[in-house]
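Both complexes shown next keep subunit A, but they swap its partner, so subunit B is in the first and subunit C is in the second.
Entry: the complex of A and B
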């Protein structure tokens, strides 16, 4: 047997050897940079000559070619060609969408035989507001009803109703599709271990590939329009539903499953009568997730054809007319808040017994639905007589657009110097040097460091994984852009983590502050990521600095949350032991709490990285020159290969960081014996 | 006394958890030759080992053992919720292990009922919905299933709670629902897996009385699991004691107390109030006609119930059987011996 201290010495030595060796190689490469140019400057995209084509091809051309081949009439997805398949899918999405949109927003126009058109108006805004408010009241309380009422009045009053209903229509199509497919895949995953193992990495990838990258192939398949937008939304919002379904089904108490069998349920009955209803609370969390993620997609989806509020925001961002965008952005946030609260209330709504035995009949069962229908019909019909019922009069519309534009102007006139000084200071002293440093790093050295980190933290498998992912980025010619992504993301994460940890630590000591912090981060997280861009662009205009600020804001919540969670989860007795041994508050914090919470904090940093990366791609809109921009350009050119390759590169950066940090957190946890 | 025909038997049943568990029997002439060492060497878990029991029609058969001794696994083998690794299980004279999935569904629907330790009620159904559920999956129409469900809900005394949801009920009430639900299909055999273990001691006692009352009405064949020897003694016709997956001894409560198979069984019986187990017949002496009689007691009565009376009396009591014949006599000293635990 090897004595324990000997193992310790050996470990430390191998650690020194690994990193020392890597540093030595780095210095050698750096000194010999003039001789070994190939090892320093990242190579051009790898391409090879194909005799048959008589030209060169590369990974991204292959992808584009493959897509084209699929869409041509040759690829069979039994029994249809791929093209017929996409058309069928498009029809399935288009029809309900058009119907709901007509119902909520535009009204129906039904041509009668004799050339006349019978037009039915859309549902009255008054009716929809009353019904939703009553619904909120019924499933939760007066408070929620008031929130719903105020939000709806805001939508109407600021003239956002029309766009809001268009957005709502696409959400109302995307969410059910996402739920149905998510639950179906989840059930398959629950039933078949193999399927679960196959689908999990795909879900991981789907959640790390930046949203923009989906847009390109979707756009390619369905063309510009609401179908593409809804499809992309579903792809983006569905993965958590699959995961949560599998998890919720697995966590149905063992005895309930056995009871299902003992009652003589067949397989179908066990799934639909026993498992799914018992797992309902868990599934509802998934439903809430799907709704929130769909809303998060609203603005991005408008790049490929979703109209409504998302389009308004995007258009104003493009015109840099912030004032116009803010109202639409706030409207999206209001819808997000309302749908979030409603779906959460619906999930935990207490079904209690009915004390008085009301006779069960058709009317009693559907009474509330019937009342709702009557209200909707009555108010809509009233619209024929009183125009107020069908449309909020334009003269009463409020607008704050001018105010915001003026505010921006005012800030820029009065605080331009201060803001600019701050921005330039950070740019010159932090952003630029880090960027230059990262760009000058020889790729050989980066790969070497990744390999050593992988080996040290998780063994050779991890090392092989991270190095091959990095190699993909290298051979597809994305190295430089990837480095810019790493630099922006890295700096933002450092800032976000520092701020997040500080806030988290303070929140853990002061209950009042904690409450405020939690409410704020909950609200921050319901905001669609785009909304963060508006005020930032307002203050700092476009560029790396704005991108960084937006990313820091967006990535802050997980850092705070995990720090708080980590510190609060330390066992009470440990804290007491430290106190009784005479620790000062600072010692308690630095010597006990932070150390023990470290694994959690690392996981928080990990989440921060994921959030930062997903936001970073969006900031391509404010003019960064990284992988995000690459995806964005591909999107505008509908270049599938380029978009996917760049998107995958972002995903791979995310996966590399995730695997390395998780491995480190696991090691730390094991070392602490947690 | 001839026992009625067994309705459920299991012979040489093994349940071994682990990879390739069934391979351990390859080339072994008799399953009983597999030892704990063999299992350990193959890093397998022998949850049930060589279990053989017979459950007679209408009896309360209790499986008793410490936690982890394999009771639940054995019970689930009997209903084939868990597939035994080897062995034979017969139910109503037919081998259960050769039944197809479809046949098992029919058997479970019509002939088996089960009560679970943690109730296993479905959170989204009312009491009525829960109890009617087994009937519903059979496709019985709403009116008849609700009528039947109301009957059993009445039997467990919850008629005023039928429109409540499980989480609105106390633990004891929830288990009453569990009991009602398992009885709704009028099962031939009734499995209960530690039904009262999750309840407070006071409620547990009340539920045991309730259980005995229900059984006096229905006379089901029952396989009941518990880790509580006192509970076993109170309820059982016969008890099987399990340890490390094997059945050590099967017998009436009295047989276990009188002739424990080994020190493990004796452990259980030690802190037991013997007066609750022993009947007048089991401690009586032969009738000595020369002594005057202080009174008479039936032979099947538990000592506990007559102790005060006999100890207070100078003369021994006559013990009479069901036909009224005097079969022996019970002196004060014998009763005191039982009371002090000798």
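Entry: the complex of A and C
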């Protein structure tokens, strides 16, 4: 057996050897830059000329070519062509969507034989509000009912009802699809270890490839309109459901499963009668995630034909009506809050009222449904007589639009110079030098450092993974744009983490402040980033700084949340012990709390990186020159290959960071003995 | 949730029965399939689309409006998911349009009569600091006035999104302009900066196009560059700079409607009406102002115009 201190020495030596070697090579490359141009400047996109492959001369052309072939008439998915198949799927999604949309928003128009049209109005807003409020009250309490009531009244009062119902309709179609597929894949993953291993990288990609990158292929496959929007939403919102299903099923106690077997259940019965019901609380967390992520997609979905609130946000920003944009954005937040609270309440209730405790009262169930139906029909019918029931009168609509416009204008006129001075300082002293430094780094050195980091933190498997992902970026000719991405994202993450940790630490000490912070970050997370993108541009001009501010705002919530969580979850006894041994508050914080919470904080940083990367694609709309812009250009030019290659590069940066940070956090946790 | 589910099922069942009972008919138009007109995200286009849509409705066609991206919509037009796009600008959409027409799946539905202008633009108050404007040769003398701390001693010109093309980087170089060209990511970001500068009466030089509400809201002028010709873009020896192309202003040009090719056979009269449709910049600007600056809705504005000008548009439908 090797003595413990010998391992320590060996490890320290290999650590020194690795990093020292990397630095040495870096310096050599640096000095010899003039001779080894190839090692410094990233090569152009790798291309080849093989007759047999036709026009497929580089990765992105191959992707585009493949897509064309799939959608041409040669690719068969027995017995249809691929395109016929995807269009059939689209039709299946389209039908329920059109139905729900007509029900909630537009009403039905049925042509009668003689050229007249029989129109049935949409469900009355009053009816829908009353039923939802009663539902909230029944599954939770009066407080939730009040929240629902106020939110609905806001939607109606601010004239957002019509758009809100369109948005709601697409959510009501996307969420069930996401849940069904998520659970199905989750069950497969639970049953077959191989399948789980195969699907995990796919899920990683689904979550990290920017949505803009797969919008174009989705458009090609499912046609223009709400169906494509719904499909893109499902792709983005489903992965957490799969992960959580697998996790939840695995965490069902062994005894329960055994009991199912002893009771003579077959495999199907065990899954559906035993495992799924027992895993319900976990699954409901997944449902909640799917709902929230679907709402995140509302704006992007409206770019390809979803309409609704997202479209209102885009249209009002287009005419610089910041106030109107904020109102439509807040409406999305309100829907998110209502759906979030309702689904959470439902999840909790689902466990509290176990069937065995309260005997089912079928009469009760039907009575409530009947009441709901009566209310809906009565209020909708009343709309024929009293217009108020079918539509909130326009004269009573409130608007705060002008207030927001004036506020931004006031800040702009009175504080622009101060903001400008601050911006110029940061830009010249931090942003520019970092950008120049990163762009001048030889690619060979970057790959080497990645390899050493991978080796040190997680062994050779990790090293091979990160290096090959980075190589993909290199050979597809995205290196420079990738470095700009790393620069913008990196600086934003540093700022977001610093601010987030500070706020998190303060929040952990003051309960009132904590409440304020939590409400603010909840809002910040569901408010579409487009809404604050424009005021940021007005105050900071088009450029990297504006992009950075927007990314920091968006990436802040996880940094705060995880810091708070980490510090609050430190065992009480450890804090007490530190206090009794005479730590000052500062010592307690720096020597005990932050150190013990470090693994959680690192996870927070990890999440911050993920958020920042997903936001970078949106800041391309302000005018950055990174991979986000590449994806955006590909979107507007409908270039499948270019978009997917750039999108994958973004995803690979995310995966490299994620794997390295997770490995570091794991090591740290092990070192702390947690 | 069970309450909810049962309720939904019941409502669905009820509605389905209603559907089944209703017989389908009515046929003044050649086909009752809806004509899908795309809707982008600028007011002028809403107005054109709504106007054409309402005119087609008056002829008995079913019309649907589908929000779609300006360039991405061509995919839909070629496959028949979308049917008509009412505003393709020569200045920004020419390449995409030509590529699409070349596939044979779309047809040119003619010019709308509007005239697209795109050029470097400055607010009128900048003339005090730079009296030589609008002549482009004055730009270099005022480079510092148009500069920001990041660009000084160069001036700063805010161009459109890279996807709009426009050759501004080339233009600045060919004309020897001492300016840094910064690209806004989107239309919205571009006008946000103009709005911000205008509020403060601060210097700004940016890409503005017409018809657009900006020309009505802000007082300003376009820079006078050497007039565009085809040779200027193709032939380096043309113009003031003998070695480089793009030493002139931007092209001004048509705004066209485009449609799905098979629609020609399906709704011939509708396509003809769209070809007949014509509207000029002045009228369009006045309608845009009513919507964006006076706060009326697009439907109101279009409805009002159609009511008062039946004599103008009725002949288009014949």
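Definition applied: the second predicted complex is superposed on the first by the 594 of 674 C-alpha atoms of A that agree within 3 Å, B and C clash if a C-alpha of one lies under 4 Å from a C-alpha of the other, contacts with A are read in each partner's own complex, and residues count from 1 in each chain.
Assume contacts are C-beta pairs under 8 Å (C-beta built on N, C-alpha and C of every residue); 3 or more make two chains touch, one makes a residue touch a chain.
The shown structure was predicted, so the numbers you read here are calculated from the model rather than taken from an experiment.
Shared-chain residue A:274: touches subunit B; no touch with subunit C.
In the superposition on chain A, A:258 contacts subunit B only, with no contact to subunit C.
When the two complexes are overlaid on their common chain A, residue A:244 makes contact with neither subunit B nor subunit C.
When the two structures are aligned on the shared chain, A:266 is found in touch with subunit B, with no touch to subunit C. Residue by residue along subunit A, subunit B and subunit C are tallied for touches, and C comes out ahead.
Judged by the touch definition given at the top, the superposed model places A:128 against neither subunit B nor subunit C.
With both structures placed on the common chain, the touch criterion links A:369 to subunit C but leaves subunit B unconnected.
Shared interface residues of subunit A, touching subunit B in one complex and subunit C in the other, do not exist.
Residues 99, 103, 108, 110-115, 118, 120, 135, 215-216, 219-220, 223-225, 302-307, 311, 314-315, 317-320, 346, 365-366, 368-369, 372-373, 376, 409, 412-413, 416, 420, 424, 427-428, 533-535, 537-539, 541-543, 619-624, 629, 632-633, 635-638 of subunit A are the ones touching subunit C in the complex. Interface of subunit B with subunit A (complex): residues 76, 79, 81, 105-106, 108-110, 112-114, 116-120, 122-126, 133-134, 136-138, 161, 163-165, 168, 182, 191. Per the touch definition, subunit A reaches subunit B in the complex via residues 253, 255-256, 258-259, 261-266, 269, 273-274, 277-278, 280, 351-354, 357. Residues 1-4, 6-7, 10-12, 15, 18-19, 22-26, 41-43, 66-76, 79, 81-82, 96, 148-150, 158, 161-163, 182-193, 195-196, 199-200, 202, 213, 292 of subunit C are the ones touching subunit A in the complex.
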